[in-house]
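So that we are looking at the same thing, I have put the structure below in structure tokens.
Chain naming follows the written order as A, B, C and D, and within any one chain the residues start at number 1.
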């Protein structure tokens, strides 16, 4: 059933996270944020463990995880690429940048490259509209992009 | 003692930080140190100046010199020339797009001249991570005033000020507080909605990053008024800087006794906690926001009951957005008469707008209600980028609509925007030019809505999906007149039947573009043409034989070998093979490739 | 009480404050169509997410249309329920729902029972605007031993989610995903069998479409009936007779015991027996177990765990195995009547008939879907051969009767066969909440006190409130009894016991609203809870009319003990009629 | 820790802290207060402009005067450095030459505060304090 088996130390980590929020069901989203911060993603076993500690049905945990786009059940690439698709970026040509990113990486939005190096996601406005269109690679922001710059930027990470 | 003679204010907002403003600050400090000026000149990291287009910004005080697009490497020159010798670094000054002259004093920039800053009063002026600077700017004095009044008196002032909610629908804030104050409960909550989700809107983030203490103070005021001792700020997890600044502000306020028990010697107690969003636009809707804060799926529920009756954990809760709160301290400090003297008859005060899109001065501005779109776009915003023609401005985000040239002289307020088929929303303003296809724009918003619909009610869950599919069909050149009728009917039904504000307003971008740009829809449907040349399926690249020199560059670069022709002979594009990538168009040095 | 006046479709209405437009309209004969809305008033169950938007009406002065299910009446309100704007909105929304719904109505298990289908007809949907490559939401399908899930047919009414979480507190189902792909599902879209599902089937009972249905076992029954090498016997649970008639257009609450026996005989069952017989047997075993524990307890034995809990309800058994694994030694070890019947049929009766147990097929007709799961449990099999081969629901039986061209309503009343067809009034009331414990009290009282009961009816144990408590005077010893129906109420009761709030000697728990009469295998109530209370009354009427009303007086039970079992809780009884429970705790 | 226990505490705190940010407050409304610009080009600095500026800043801070001091480039009066330009609201700007710390204090005490004329005003072909846009 489960896709990964958690180590005892990981189970302990989750227990501690839940306990730090008083094991309160109302803190589920905070617990998920913190846990994803530690694990990078929220696989099934992690969600089961959280459900157990907060004493809520795992279906509810899964329901929450799948509702919010911030939470992911898949690990991200080593370099997580996020393209802003806010309106400002859109009207300044973000779609073309996206097409180029897909082409260069050979993956679709939401996927990870086979070597695990890059993952590609879209997000809504990051608020750097003055720099539109904007791409984030990890925490670094690349602004005022056009498709021709994509290859060059990716080269820094290859 | 050495007197500080100069302040260098550096924007530390998200936009400017993205352009390395952090490193710039380090570099400035290093240069000051190297030149023995560290004691005389203070570098202050402030919130957003609003002029994001030209970030990072450095403002030199007291002479108000306004440097734009400053790179860390420029620090040396600024220190050696301006700080040391009093000579302004001309090349970094803002250049007026019309007169092409350098403007050194921000007081003389058109961008700032028309603005009236109430909500943004401290943004770009104080160090947001230093509560003392806020206190010097009369911070917490409004709270002090309020604590000397009865809650009813204080609510009355908010009512008289005419302040309306800045998050969307414009519900009178004082009335909201009054309702919450009248509901009896053992516990009530003040909730600050900082889940700013409109793509292209970042005013709340800038306020939180630039002046977090004003929100803390306003929430405490609200708490006193409605009888709540707990405040919650629901903030997007995508705003790490705003979160950090709020945490600092709350921490400092607690340290100074401006949050906690017996505030300012009264018997009023108040404290604030942060709750994080997790990427769901619908959580900007207050019932959805409350469910999200409770650790649940952020699905809206039917109102009534309103949060003022049964909100967070079933207790009466007052939800206001960031900008609304940001106005509160100013109203108490300067009086409701002052506030209500600004603006139009039914919309008082100012509104912050995030200007973005095809406009010269992308940024954050605050203008009195009643300012016209023309003033905002052409005077403050500096007009359209690249001298292109203005086509439309989208206000209100995905819930709003597109307005046209005909609306440029309409004074902006809640009621006028609704009458024009749009809405104030949170204040995003996206400017579009002649190159933007309005069908595609409508499709863009629907795409957003489809991605963000919570899926609870049928009209929004399925209806918006069908609308999006229909728009896609039209952009593909496969649309029919029946499709337009279908869109029209669906839009009206969704407005009529969707459960929450998100759904009820989701057809607005379609309705307004269909109303104001019907010819563009008809061009797509009947002529199978996209007048803006934006819809790939509807455009074809054709080589103008008169201009083609037969250089073969296009043929060499075509990824699908759709271009053929001999050297020095005009080339031809095989339309069946062409994938319309536009490479040939970009590569051609003779302008021989035309889009039709 | 404060009342307000308004007009609906030009009809003046006076109603109490807090009434919704939907309810007020109903009062004056205006039935506003609704889809997600469900209000089981008699049971205190309500689902009103305001999600389907079918029930919208026009309220004068309002910007948009109002959902009548969740909009309270206001003084002076002017409501129109059938303007062109309203009708168009309703129809358009219905078209949208249908555009993301499979069009296989003709071969759908809910065909003819589907609320969506009926409403589409009412609203007059004739075509759906074709959108090129219109997406449809599809999901993993799943069949457990009891239920089938085909969420392509889900319309997000959320009724199942309400039942699973708010009413039953099982938490197997939750809304998942967002937007167009939002649906109700177990965690990770895994199979129900891997979830904490108890198979109570209340999700099926309320599903307005064919998204949630029972596993259809009728083909297996038809095959067995047609197999000349098999002896096929049938048992029918008490609640079935109080509801089966509804499938044939009879008024809810019509008892069809005789017609049912006749129909079963015509279907070809070799013997038509009654689960009620096994219910009487259950009382003998469970009652004796209660008395044994009680005497030890009253005698000061600290090792005895009280209260004793009934164990007839298979969903309840699944529930405490999953959620209260530390209490596995508390419930009675007595098997459910269905399984007791199977065990006796495949031993005592098979011997009598000189049939090999492998050639004897035991079919049960149950108001329940968890019974399908129960009869497949390994501990109820001998060398792989189950004591009960197939458990079909009341609905499936009705379907069999219809398929066999039997005109049910014109059938004569017939009796059950013997020896496993005789029952008492005590057994009949097993079909409703409070019935098992009343039956047990009738017998336990007489055995404990050695006195004859003057008054057989323990009305203090009856009713439809979710949790009921009563103290019965056993000749000076007060016996405290707790009753709960719906698993959420069971949880409250158990938590109350844990916290020391309650102090019971015996409790009865039924998973379904109203007990078995509200079981998930019963004819659909379609949100009309008055149907449940009509069945409730019918059960007590049947009891009243029985000549023998105490289990220990059933002559065939007496004979069974004499000939075969010896006495209650004997070694043979233990072997055949008692079971044990498993820790099924999962997250 | 510096708890604020009353509105008075808050006011006091504001008073104590205000000098730090006053430079920004003043620059916010330059037209309404007295502006002093000290020429701080190489020649000015060489002639002691820095000392002059610091003297003025100290005086202004000490007495919480509504005066803002900025530094400018060379005004072209190299013969008279250090030079200081003073603009009092409602009056034309004047430029003082050969300013030393003592003159600097006189400028503030006499010219700015009392409106008396003092020696050292340079001829009128000066630039305005308003930056050429």
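Convention: a residue touches a chain if its C-beta (ideal position, glycine included) is under 8 Å from a C-beta of that chain, and two chains touch if they have at least 3 such contacts.
It should be emphasised that the depicted structure is a prediction, and the values quoted were computed from it without experimental measurement.
Colleague: Based on mean C-alpha positions, which chain is nearest the centroid of every protein C-alpha shown?
Modeller: Checking distances from each chain centre to the full centroid gives A.
Colleague: Counting in whole Å, what is the centre-to-centre distance of subunit C and subunit D, each centre being its mean C-alpha position?
Modeller: 89
Colleague: Centre to centre, by mean C-alpha position, how many angstrom separate subunit B and subunit C?
Modeller: Between these chains, centre-to-centre, one finds 54 Å.
Colleague: Need the CA-centroid distance for the pair subunit A / subunit B, whole Å please.
Modeller: Subunit A and subunit B have C-alpha centres separated by 23 Å.
Colleague: Return the distance between the CA-based centres of subunit A and subunit C, expressed in whole Å.
Modeller: That pair's centroid distance is 44 Å.
Colleague: Where in subunit A do residues touch at least two different other chains?
Modeller: Expected reply: 60, 63, 67, 69.
Colleague: Give the residues of subunit B touching no fewer than two other chains, as numbers and ranges.
Modeller: 280, 297, 451, 454
Colleague: Pairs of chains that touch, anyone?
Modeller: Inter-chain contacts occur between A-B, A-C, B-C, B-D.
Colleague: Residue numbers of subunit A touching subunit B in their complex, please.
Modeller: Spelled out, the residues of subunit A in touch with subunit B are 24-30, 32-33, 60, 63-64, 67-71, 85-92, 123-132, 134, 141, 143.
Colleague: Help me check something: in the complex, which residues belonging to subunit B touch subunit A?
Modeller: Subunit B residues touching subunit A: 14-15, 18-19, 52-55, 197-202, 205-206, 237-239, 275-281, 292-298, 313, 354, 356-358, 362-363, 394, 397, 428, 430-432, 436, 441, 444-445, 448, 451, 454.
Colleague: Applying the document's contact rule, which stretches of subunit C touch subunit B when the two form their complex?
Modeller: 49-54, 56, 64-65, 67, 70-72, 85, 88-89, 92-93, 96-97, 99-100, 129, 131-135, 155-156, 175, 177-182
Colleague: Over in the complex, which subunit B residues touch subunit C? Could you list them?
Modeller: Answer in residue numbers: 280, 297, 299, 301-302, 304, 450-459, 461-463, 465-466, 469-470, 473, 478, 482, 486, 489-490, 493, 495-499, 504.
Colleague: In their complex, what parts of subunit A are in touch with subunit C?
Modeller: 1, 44, 47-49, 51-52, 56-63, 66-67, 69
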